[in-house]
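Handing you this structure, nothing more for now.
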Amino acid sequence: MPARITLPTLSVISVALMAAAVTMIFFVAPEDADQGISQKIFYFHVPIALTAYVLFGLGAWKALRVLWTRGERYDLESYTAIHQGTIFGALTLITGAIWAKASWGVWWTWSSNQLVLFLVLFLFYCAYFMLRFSVEAGPRRERISAVYALFGVALIPVSFLAIRLASDFIHPTVFTREGPQMTGTMFGAFCVAWAAIVVLALVMYSVELAGKRTDAHLRELREALGR
Amino acid sequence: MIRAEEVEKRYGQRRALRPVSFALDRGGFLVVTGANGAGKTTLLRLLAGLAAPTRGALAVDASRDRLGYLGHEALVYGELSAVENLELFGRLYRVPERRERIGMLLERLGLWEARRERVSAYSRGMRQRLALCRVLLHDPELLVLDEPFTALDEEGADRLDEELRRLVGASTVVLATHDQDRVAGLSTGHLALVAS
Amino acid sequence: MSGYVGDVVALARKDLLLELRARDTLPAMLLFVVSTLVVFHFALPQGAGDDAAYGLLWVALVFTALLGLARAWVPEREHAALDGLVLATGDRSAIWLAKTVAALAFLGAAEVVALPAFAVLFAPLDAAAVLGVVLASVGICVVGTLASAMAAAGRGREVILPLLVLPLSIPLVVGGVGASVSSEPRTYVAFLCLYDAVFAILSWASFEYVVTE
């Protein structure tokens, strides 16, 4: 993460962007003709989903680094990225459910390929943590976690394809998913929201990573003093 | 043949081996002692290549297939016979004239009669002797032995003595033990490990 | 046979020989899959139709595979034989490949019983469906052996394995069911080939990292 922009600065930017996003979404962008105010959640739902993908991708990239070099720091970064990705994944499901409830009156629909994909991924990455915490700390755990993270990104496109194929025979499309036709201001609001979410993710990632690194340093210090 | 500089091993928070430095020339016989938990097993696993040091530099001038490791476990298959086990490892290590060499080792270590029985039926001493066969099978340059005498019965211990005497000078040996006196005559160096 | 292939053959033969002697995994898988099919008969409501039955076939196959995969690395855990294999082999992916071949053999044997049983008890299976079963079995063994090795490295052991395998098996179930019920099975068969190729390469390349430090 770029060290030039310090964490406090980033946090301030994040809050500012969030405020701007909320303002634009609720006060500036017009209401969608069909879906009304419930469509507003879309401004959060899609960026959150995209950010989750990015985080999983980052986790996999760091995982590759773990395998190439013997780096404990890459392991921490990979783990943090995946942890954040899972959080954003859960948020995707939640916002998606809210959107579904507001739009179609049901909490869940299998016809949204995006949502189904996230459900599968959410299960997969939850298992990541179960796997990780069953293995004793050390290089073995780092490598196993890294391999699993790589399987995750391979699973994303494969699952997506599978879900597309499945929709042919499993569940007939009852609800058509309307990709919103965005006007100028709507698109503007979307971009601001997207930026806000990305910066938020950056902040959360940096905070968690810093916390983990501090833990590690503290442990080392304690050991050094205890000798 | 082996050079270790401030080699340390940690598993997360747990330190398994304090920083240690030593050097061992080809043909040498290093005895490693220390209380339980001092890191003997960890060090030997590092030498064998089953683990990598957390810190420090470790250089072992023997390729994987010229290295023999005897751990606390026998590293064999319980439901196969001695011959079947050795055939498998012999095949993997590309041992030339496999059958003859297996027969010779089984005989030297007193397992010829029991060679077709399943290892699960063996006594602990016999199993350890089979492990020794596995270790010696591919004629390694470097032998890493973790408390080999502990699991051995009287007969096995004598045979191991014989083998060690045979190997001294020709191969390099690192042996961890509680009982230094046993190998006092053979050793050329001593490393005492201290627990963390 | 020399080199890598010879290693794989020797290791796979070892696994088959061990199972032949112990005879604990395969009979359990056979009994499990048939029992499950019988349970499904009672689980299916009246007039559920063939399509529902095909779906349940796949549930049965996945869980039967899990049963076998959970025991895949048990012989290596006894006396730490896996360390011995890691030390003895130059290319550790051979260990994975041999274990996958053996796992596939066991699953295949269970399917030789399960598929005719299914056809008799529920609905007929055409060539596309069988091909789907074959390809999906390859897929599940390919990821399952690796996942089983990962699970074995930790404390959770057998409990963890289904958690790792089930999300990965969802595309396989889609492919398999599609091959059975769809009017265009070719797409699903092609998809299964894609899955197998992608995950076989991934598993083959990453096994080394799972068993070494």
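Just so it is clear, A, B and C label the chains in written order, and each chain counts residues from 1 on its own.
The definition used in the following text is that a contact is a pair of C-beta atoms (placed from the backbone, for glycine too) under 8 Å apart; a residue touches a chain by one contact, two chains touch by 3 or more.
Because the structure is predicted, anything quoted here is derived from the model rather than measured.
Engineer: Please indicate the chain closest to the centre of the assembly, with centres calculated from CA atoms only.
Structural biologist: Closest to the centre of all protein C-alpha atoms: chain C.
Engineer: Which two chains have the most contacts between them?
Structural biologist: Comparing chain pairs, contacts are most numerous for A-C.
Engineer: If we define chain centres by averaging CA atoms, which chain lands farthest from chain A? Would you check?
Structural biologist: B
Engineer: Can you give the whole-Å distance between the Cα centres of chain A and chain C?
Structural biologist: 31
Engineer: Can you give the whole-Å distance between the Cα centres of chain B and chain C?
Structural biologist: Using C-alpha averages as centres, the distance is 36 Å.
Engineer: If you average the CA atoms of chain A and of chain B, how far apart do the two points sit, in angstrom?
Structural biologist: Centre-to-centre distance between chain A and chain B: 49 Å.
Engineer: Two or more other chains in contact with one residue: find those residues in chain A.
Structural biologist: Counting only residues that touch two or more other chains, chain A contributes 136, 138-139.
Engineer: Please list all residues of chain C that touch 2 or more other chains.
Structural biologist: If we look for residues of chain C contacting two or more partner chains, we find 212-213.
Engineer: Spell out, as numbers or ranges, the residues of chain B touching 2 or more other chains.
Structural biologist: 51-52, in rising order.
Engineer: Can you list the chain B residues touching chain C in their complex?
Structural biologist: 48-52, 64-65, 67, 69, 71, 73-80, 84, 88-89, 91-93, 118-119, 127, 134
Engineer: Could you list, by residue number, the parts of chain A that touch chain B in their complex?
Structural biologist: 70, 136-139, 141, 219, 223
Engineer: Under the stated contact criterion, what part of chain C meets chain A in this complex?
Structural biologist: The touching residues are 51, 143, 146, 150-151, 153-157, 160, 163-164, 166-168, 170-171, 174-175, 177-178, 181-182, 187-188, 191, 194-195, 198-199, 202, 206, 209-210, 212-213.
Engineer: Which of the residues in chain C come into contact with chain B in the complex?
Structural biologist: Touching chain B: residues 6-7, 10-11, 14, 17-18, 21-22, 75, 78-81, 83-90, 212-213 of chain C.
Engineer: For the complex, give me every residue of chain B touching chain A.
Structural biologist: Going through chain B, the ones touching chain A are 10-15, 51-52.
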